[in-house]
Amino acid sequence: MTATTPPLVSIRDLRTWFHTEGGVARAVDGVSFDIGAGETVGIVGESGCGKSVTALSILRLIQPPGRIEPGSRIEFEGRDIVTLGDEEIRDIRGNRISMIFQEPMSALNPVFTVGDQVAEVARVHADMSRKEAWNRAVEMLALTGIPDAETRARQYPHQLSGGMRQRVLIAMALMMKPALVIADEPTTALDVTIQAQILELLVELQKRIGTSILMITHDLGVIAETTSRVIVMYAGEVVEQADVDELFAKPHHPYTEGLMHSMPHIGHDQERLNVIPGTVPAPTDWPAGCRFRERCPYSWDLCEREHPPLYQVGVAHVSRCHLAIEPERRNHPHPPLVVEEGVAAA
Amino acid sequence: MLRYLARRLGQAAVIVAIVATITFALIHLAPGDPFSAVMDNPNVSERVRATLRAQYGLDRPLPEQFVRYVNQLAHGEMGWSFSHDRPVQAVLATALPNTLLLMAIALVGSFGLGILIALIQVARRGSTTDHTLSAISLFFFSMPDFWLAILALLAFTYWVPLFPVGGAVDPVMHEYMGLGARIVDRLWHLALPALTLTVLAAPTVARFQRAALLDVLPADYIRTARLKGLTEREILRRHALRNALLPIISLVGLSFPALLTGAFFIEKIFAWPGMGLAVVNAIGTRDYPLVVGGVILGSIMVTLGSILADLLYVWADPRLRAN
Amino acid sequence: MSGQTRDFAPISSPRPRESPLALGVRRILRARSSRAALVVLGIIVLAGALAPLIAPYDPAAQPDIVALKDLPPSLAHPFGTDPYSRDVLSRVIYGARLSLLIGVLATLVSLTLGVAYGAIAGYAGGLVDALMMRVLDAFLSIPRLLLLIGVLVAWPRLSIAALVLFLGFTGWFGLSRIVRGQVLALKHAEFITAARALGASRRRILWRHLLPNLVSPIVVAATLGVAHVVVLEAGLSYLGIGVPQPQASWGNIIQDGADQVAALWWMSLFPGLFIVFTVMTLNILGEALRDAYERRS
Amino acid sequence: MAPVKRGVLLCMALLCACVGTESSSGKSRGGTLVISTGGDPDVLIPPLLSTVQAGQISDMVYERLADIGDSLNTVNDAGFTSRLADRWTWSRDSLSIAFHIDSGAKWHDGRPVRSSDVRFTFQSSTDSTLGSGVKALVSNIDSVTAPDSATAIFWFHARTPRQFYDATYQMPIMPEHIWKVIAPSSWRGSDPAKHPIGSGQYRFVRWIPRAVVELAADTANYRGAPKLSRLIWSIAPDFNTAVTRFLSGETDFFEVLRPENLPEVAKHPELRTKQYRGLAYSFAWFNLRDPANHSRPHPIFGDRELRRALTMATDRAKLVRSVYDSLALPALGPAVRAYPTTDPNLAQIPFDLPRARQILDSLGWRLNAEGVRERNGRLLQFSLLAASTSKQRVQLAVLLQEQLRQAGVKVDVEQLEFPVLVERERKRAFDAAIGQWNTQPSPGSIRGSWGTMGSRASSGTNYSSYENPVFDAYVDSALASFDPAKAKAYFTRAYETIIEDAPAIWLAEPLPTVGYHSRLQLAPLRSDAWWAHIPEWWIPPDKRIPRDNAPGPTMSAPAESAGKKTP
């Protein structure tokens, strides 16, 4: 929040709800944050906490029954993405904002050559001939470190390795030199040795192109490695936000604390952060009060009564935890209320 | 690839051999001799009787008859059609191109139409248009072939006489027409039967294609396409359709029996001179060799059809093409 | 939310929380389209079952072959009369009875054969299985109508019982393949292995574990199978090798008027509509059931 | 579709309003007649053909020595007009007739017609290896000799009223040079059977099975070119399509309209209909012999009383009205009203259902629980064959099925394609069948279809095996009589005998009605063959449509030789 220039993206009170037969799933429920130009921001949290939906909301890629609720605002380059026309939002996608998915395997269309798929971005957004777009695609593939890009471009996704495919996706994302790249768990599906390479590549390319990156991950290692500011999400909300050093040094929210404790050494992949007992509650049924209460070792009656606001707990450091007003309680943890079994599977 | 083809053709040969065995069993298990009507008929010439005897070895022991029968079949000989007074294979060879023409047009037409309907439905999934088209598809899907053909005949040759009542060409004037007029004459006669068969086959395709598209839509690469800024229509047409066409190709093979069956009724009702008409007429004349020939040829067509579909599948799917 | 994986579990646990039949019924009752289908089909079935009570006339009676023949639909004869002065509505109602009966009985024959053949092939495995599957391929590649034509021409003047048998004999190929697949998969499923380890006999395994899992594909196949037989029987009767006169089946009512479709349009239209609605409702129900079973996980 | 069964003798006159118009400058020649028909001809060889289509085509391509007059007199040569024979002389004892061949007569391949062709035609028609039904019909002819190339002499066994008729009507003359190289047993499948060469006013052009037969005017014919330059039989796969093609203008002529077609025709102002007296009658006949063992009587139909009861249970008038409306009369018996020898007031077995039931009861056939009669464990049940190709006959069968059900008789209707049905009849492998005889101008054909001779001879067509010497004797006496009144009296006795014996339920005598396009100018329709005068039909030039002026066949006619003679 120290940015002096106006932020590139400014999200205010973003609520993305899914209106299903089983009720309204409030996957993202009042999220606000900014991303500055050239900045790398991380969002961290467990599966189902709303990070991916937040990312998709920025691109308005939410499919029915999901919906960005009225009143939400996503300002980007001075326009509100939420209210843009279909044509305008399409003009932004892949052009000003692009995204890298976590499954390079399935994110590429199996029946087209990778070159075609990368070139398609240019064909949509730039007034380019087939040939020009192709050349550009090959150039871009080469830039992402794919050896013999010309040949590779003519191959189909199934002929490439996982790391190679992720590079293809990166090439696709950076094709139009977008202002913002959203990377949704870009390395999760990859081999440990490849993970580091891809992250390096991302950082390097960001420097070269000057784009902002929103890095979404459950892996605090990745956050530490790449980002300057971190947003911690839980149960559809931002629960803590701080510069990366501040956060690692002084995590405030018990959830962040939990994440830290479960953090593996960098390079050690772990499917799930399972050190925090229990799981994220169902999005159709967020608990009243603090949503982390049932898993929290410090919770007390206030947590049940009152939904915590974001407390300012440091310089550019906010946290959605009542501990901000009764910090001494941190010294008296108790066993969490829930046991694993009590949570019904969705 | 070639090895695969060879293996499939080998399987096909086994299948046809089994079909031949089944038909042979049918003939010989039947009460009374299906050939007695021919053998005792004074209107049947001695030549035909000799041919039949040779073909089926009617006075020989059963195993010998069987070997003989299979051997003849292997050489493409299917016996003598006494109602046509020609070899069965000659009758079927004359009729087959007409049936294939009808089936080919209906195949292309029904897949085109079915895919189009599915695209419209999926583009507006959940809308009234989608539901209405689904209901219409199901309605036509549930129709007996012959009934739709009767209705089509009734509607377009009696009530609104747009098309001729039957046949492949104007039987009287075709001979005296110029090339252009002949082509027009052919198309005019072809239109209604082909259209009917198309309409009969399209619902299956539409229903299948709709399901296939809906299966594909949640795929990650569709989201990738959206992310690129493509319009929904482009996504559907380019990315979803290409992938959803793969399962549809296997439907090509599966739809052969239905198309063939449909062609039988349609040829009968529109007097289209194909193998269906030949076989259906042979029912009445108890021209058993022709009926059996039709059954065997039909099975060969179905088998080849499924091989064709497999090859098409391999060709269309880059993942398989490489191997 | 991002990783929307769809895992189809073809094999359910040994003790589903509710029986497949109950599940099917519940699913059918939930969707509006299948509820409507059930009502329409129910009416047709009921009409057929109660034919002697509700048909206004004797379906074979020719009350006045001069004055009452070829009458277009009217109040007295809502579906008109045929060239023999028979009431077409009564014939359609009796036709429902016969066509559906043939459909159901032939399907029962098919089910028995299909389950037996598929189960044997799947259970035996190895060479037996391979051989049985090749034979099945051959059967599958003969279009059913053609096969039936071949049979019916060789066996002229068949009784309706024989017609049912032949329709049944030609309808089990698809199902037996499904059954074999299920049996094959089940054979190696954990709970079967467990049961075997616990010393359960083969028969017990078959009855307690295999059959319940086969119920779903069988119910679906039966529903769609009846629809198929109804259409086939109509086609064969239309070709004059199905149900003989003066018995009424939907197909041969159409055949009776086929000669003068333009003049006697009511003879093609009404029985045809009954076929379409029967088949349509059966298809809707069959699909609803299939969806119900596939989505269960 | 309907079978032509050629029978024999006697004579009679006929009626027919005449439309024939005289006008025949060369300019009026031209035009195409397209005839709608529901089936293919079988084989285009006069002694072997059996379908009406083949009869029509054969009569256009081949010629007889002399042709029967419109009065259909069959006694001696009154009314006969010259054809291949320009004159003939009777021998003094009337046991031979010498025909003189027209010197201009030529085969369509250009060869002259000679007396040896006549001799050849007789010899091969009676050759037992050919297996022609003609053999039985010309049994009174001993031989044919050819003393010179222009004279053919027919020698007869006995003096009968129908010697001349036998010699001419039964045998269209065939070219010896074409046929002698082929063994009679192989004629059917031979090439000339499909591409006939005759001497008639139309020559054969093409036959595409299941589609079309085309003939073209033989412009060089010794009797002059016919008025219409082209005849086409448009072959529809079924009756219905044939009618529709006629209604839609695709064809010009349709030979047998059904009652239900009449309103349709009335909707088209350009179409006309015309009724004429036909020579056909239909019936449901019983096999009097056991199909399983021909030496035994049929277990059901062997009983005359039972057969009479079945006739009694049938409301024939209503049945005929239902199927034919006004286009048929109830049949009198094995005869048509057009014969002068037929008494239109022949006594009939009346329709009397209660009486029929009584008789069946008294014969020991008792109703069982299902309403079917039963005697000694045997059901009163039989199968009734009907040609599936003729909807009217199927209709008759189903109507009969229900009427007999009222009397407690269970009938299974079995629909068979016509040739298969005939085959079953021929082998006596049937219980009962719906049949129809299209008879010849002479009522003598009754000997073949209902007489002992027809039951026993291999070529006989009395498939019911009805045998009654009394009936045979009356028929023989009638046929031998030169006195019309006597002949009629004998025939009446014969008919009464067979009607009382009830070997069949006599059903309908159709009044054939043709439909035609008004631009067509017809000549009289002859009862035995409406097509007999087609060479005189014409289309006025101002009414012609494009197809009338279509160019001639592209194939070159076989040898359009010189030597023409125009009368």
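Labels for the chains are A, B, C and D, by order of writing; each one numbers its residues from 1.
FYI, contacts are C-beta pairs under 8 Å (C-beta built on N, C-alpha and C of every residue); 3 or more make two chains touch, one makes a residue touch a chain.
Keep in mind the model is a prediction, meaning the values are calculated, not measured.
Closest chain to the protein centre (all Cα atoms averaged), using per-chain Cα means: B. Set against one another, B-D and B-C show the most C-beta pairs in contact at B-C.
Separating the centre of chain B from that of chain D, both taken as means of CA atoms, is a distance of 42 Å.
Per-chain Cα centroids separate chain B from chain C by 23 Å. For the pair chain C and chain D, the distance between C-alpha centroids works out to 49 Å. Between chain A and chain D, the centres computed from C-alpha atoms are 94 Å apart.
Shared interface positions of chain D, defined as residues touching 2 or more other chains, are 238, 244, 388. Each of the following residues of chain C touches two or more other chains: 240, 261-262. In chain B, the residues that reach two or more other chains under the touch definition are 158, 284, 286.
Per the touch definition, chain D reaches chain B in the complex via residues 32, 34, 42, 50, 131, 185-186, 188-189, 206, 208-212, 214, 232, 234-238, 241, 244-245, 248, 250-251, 388-389, 416-417, 419-420, 423, 426-427, 547, 550-551, 553-554. Against chain B, in their complex, chain C makes its touches with residues 4, 6, 134-135, 137-139, 141-147, 149-156, 227, 231, 234-235, 238-241, 251, 254, 258, 261-262, 265, 268-269, 272, 275-277, 279-280, 283-284.
Across the interface of their complex, chain C is touched by residues 11, 14-16, 18-19, 22-23, 26-27, 29-31, 34, 138-139, 141-147, 150-151, 153-154, 158-159, 218, 257-258, 260-261, 264-265, 268, 279-280, 282-284, 286, 288, 291-292, 294-295, 298-299, 302-303, 306 of chain B. Within the complex formed with chain D, the residues of chain C that make contact are 60-62, 65-66, 69-70, 83-85, 157, 240, 244-246, 259-263.
The touching residues of chain B, when paired with chain D in their complex, are 37, 40-43, 45-48, 83-85, 157-158, 161, 164-167, 170-173, 175-176, 271, 273, 277, 281, 284-286.
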